[in-house]
């Protein structure tokens, strides 16, 4: 009997819990040479802003032990080009598209959400709140529960699409953050975004990234991500999408057991472009071995 | 577009050809037969997560008869150290061929290829194809000293003209390869195009020379790469833009490059 | 010319900036078979509490990619046994002893500080604030700037020894934490303590640690630690001791360039018990190569 | 105390002796000559940071004449997989000998050694020394099936009595080694002491048997270890305490153990 991998997130029925994470899967099409991206549960596209953004000066990436730092600076084609040039192609492939978006002010977020809400072919929105709020001295939206709450509320007002809020791990209490956006009406959470880090060239006495700091991703952060998913799952009732250092089906299952209803693969897509497909198959194999009929049966099944 | 493949390739040989420089031959997945000079591969140098990222290497040559390709690489850090230790017979994860290649149609009859150190890797393949196309090829090879020269015999058997520059003067012209290029220009030699690969300061210099002499010129750049196929946006370089609203573009070395035309790149003082 | 490795931290003159981190160097004597521990800048002993503590149930440690999780639960012999049995032996070796201490209430911290203040042979106190405050529902002292501030102030009142406050990385703003304990009179900061993480056995659906979560240490956290030291160094004037994933002289120098006046080696001591000595030598070699006469010249020398 | 050393040891040999089981001989730093049966070494299985921690292995035997020691290990995960791949000639980081050994003085004239699987490793050395001391040694070796039996020939040449138990009954007694032990006890055989090493459920069973039959008995435990020499406090096991203020102690498997006396360990249902 074929195991049932389907899951439901915020009213969205997915054929399996495996998604690809924003910023690591381009606009999806780049992966066509490797596998049929229609087999994925969903894809979260590269973060979209109102206007195209050039991003940060290079160097933008550097390796660290079992991880990497990136300071891409959210380079993207802007919402117009995305809707006109990218989305139709994705829709033609039958992919479930989650649009990751961000702004630097509440207004930008709202305008984007409105714009996307009026667009065909989008399954859900994923709101990236790990961005500096230029009106508040650059403090990141996602590090203040109140700010994140208010923003979420505003977005919920202007969109009927399922709203996934993507949490920043750079906070004291992830449970409190999770709760505050749940209370504001978020339909689901995705977590974690990258952890801020830095790496220095000791001979040049310069940061290895032009932007000084960058976001740490990859296996190095997995234990932190699993812990945060577990803490958030205890704090909220809405579904969680687990992210952080997933390199294998085993890693994916760890997140599911910790409380995630689905997962996203990030950095691993760079290293093995067909990893997402392998992970779907790996989860299936695991379910057969462990006699799990439905993947949803083991969500949050960690014994206390 | 999208002719690359992700697969395993068995290592046929992997040996030191000069101090700290290695040549590796790998059985090629099918798509490698059509690789262009200047294209590159992303290689997974370890099974584990340290180092986590693949490493980019230019294609030194493809051997269609044997269904293989070669890379020429210098041991500079952890990844290349690990690569140098891998024994023949092992299956390597290979992704490629990636990036734009050199544009052979620009060459004219008297192309000059200028290489700094291991930058000779993609230029060797280019030289070979230009020779097959009946061009009069000159290769200017700059290196620190005569012990650091690479693949000299292979180059000579191609039937090209090889000019050597060494920083310490231990062989050929004393100075940089770019100095040699300037000398040729002063002498008024026939140069229909210039192709360059090497360290950034060298490329910047070649770029300036090409612009000031109005030469057709292509440069192969390097950048730290996370993916190699256009999705991470990690490898960008500042380039001139045609868009009036912007001062510059960030182009991906892995997709729009690694080969850029002279005048395209904006060199930052860093 | 021999490079000058000496540094000064909170009035303490150290022959070099290399210390060993609390909980990873026992009470020092365990390393005697490997090298002369008197060569270290200082050692921070295993965290001491008023009463002996049994610690957590096993399993207590588990490996993660480029790191490890621990949930030792602060097992220690208690302050009496430390003073009577361990300290005299350390003093005999001529080691500069930094006593790491912690409590579960303000009163416990104060009593310990008083007790230690009256003891000969202690060079400085290192206050671990990554502990649950039992009176405040178990919220960790070191995650609330106000709580940390007040605690620091209380301790400063009862001791004349230099007070190093060891910061938890599990906070939204490390700069704010650093500033708040500086304002309370801390003489120095040491950072970072471990990042909370979790690792799950997916077949047993159980945490690999009996305590559910543990503290992540090792190279995996180094980029986060370097970033936090850099941020804290911008926020405060008191010296900082950099900690987190240091495995080599190069790693140590990264922290110093980021703003640390000294560093502590943690997890690496387990893997190579003579690493601290090798790092001292490695720093010397680096200074010779880079023509740095005094290590203090490059503290915080990162170009912006 | 503190007789251990941290150093490099060159691998003399490293080969598979049974499916997934390897025996490795390593040139020993000086202190290894005096290693006791039951002591262990901490081995760095990779040069990098994955896996980051050393791995503990019991000493299978020391060869004082050749200045070497041996370990016998089972490939169970990443670390042992890497170890199995290391070629002779490589220098390995070795820390040891660590921990308490078995107490030979307790043996009496008719000691029984009971091993589960690769738990035979430290017991082989113990058997050897007990035989030299003129004892009448019986070894009970439990394994899954006859293909999983280890070092049987070496054991036989020691001149001990070898009794085999296999779970599938493919050789010797069908069942666990502990079943065999119970049978010997029922038969009223002379048993002066029991030494055991193997999986935890087996040790717990042996412990119960020893207590109920009032046997002198030592057990060698395992635990995940970060350091191996007493500083991380990661490897503790719950033990009975002599202190009236406490219900139990946490003792370090690496220092107070790995060898514990029967009755000392508090087995938790987990």
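For clarity, chains are labelled A, B, C and D in written order, and residue numbers in each chain start from 1.
Convention: contacts are C-beta pairs under 8 Å (C-beta built on N, C-alpha and C of every residue); 3 or more make two chains touch, one makes a residue touch a chain.
From a predicted model like this one, the values you see are computed outputs, not experimental measurements.
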Pair joined by more contacting C-beta pairs (B-C or C-D): C-D
Subunit A and subunit C: spacing of chain centres that average the CA atoms, whole Å: 34
Distance from subunit C to subunit B - Cα centre to Cα centre, in angstrom: 47
Subunit A-subunit B separation of Cα centroids, rounded to whole Å: 36
Residues of subunit A touching at least two other chains: 65-67, 218-219
Junction residues of subunit B, two or more chains touched: 49-50
Chain-level touch network, classified as line, ring, star, complete or other: complete
Partner subunit A, residues of subunit B touching it in the complex: 2-6, 44, 49-54, 93, 95, 223-238, 246, 248-250, 268, 270
Subunit D-touching residues of subunit C, taken from the complex the two chains share: 23-26, 30-34, 46, 54-55, 57-63, 65-68, 70, 72, 75, 210, 218-219, 247, 267, 269-274
Residues of subunit A defined as touching subunit D within the complex: 65-66
Contact set on subunit A toward subunit C in their complex: 64-67, 69, 143-144, 170-173, 195-200, 202-207, 212-213, 216, 218-224, 226-227, 230, 245, 250, 253-254, 257-258, 286, 290, 298, 301-304
Residues of subunit B touching subunit C in the complex: 49-50
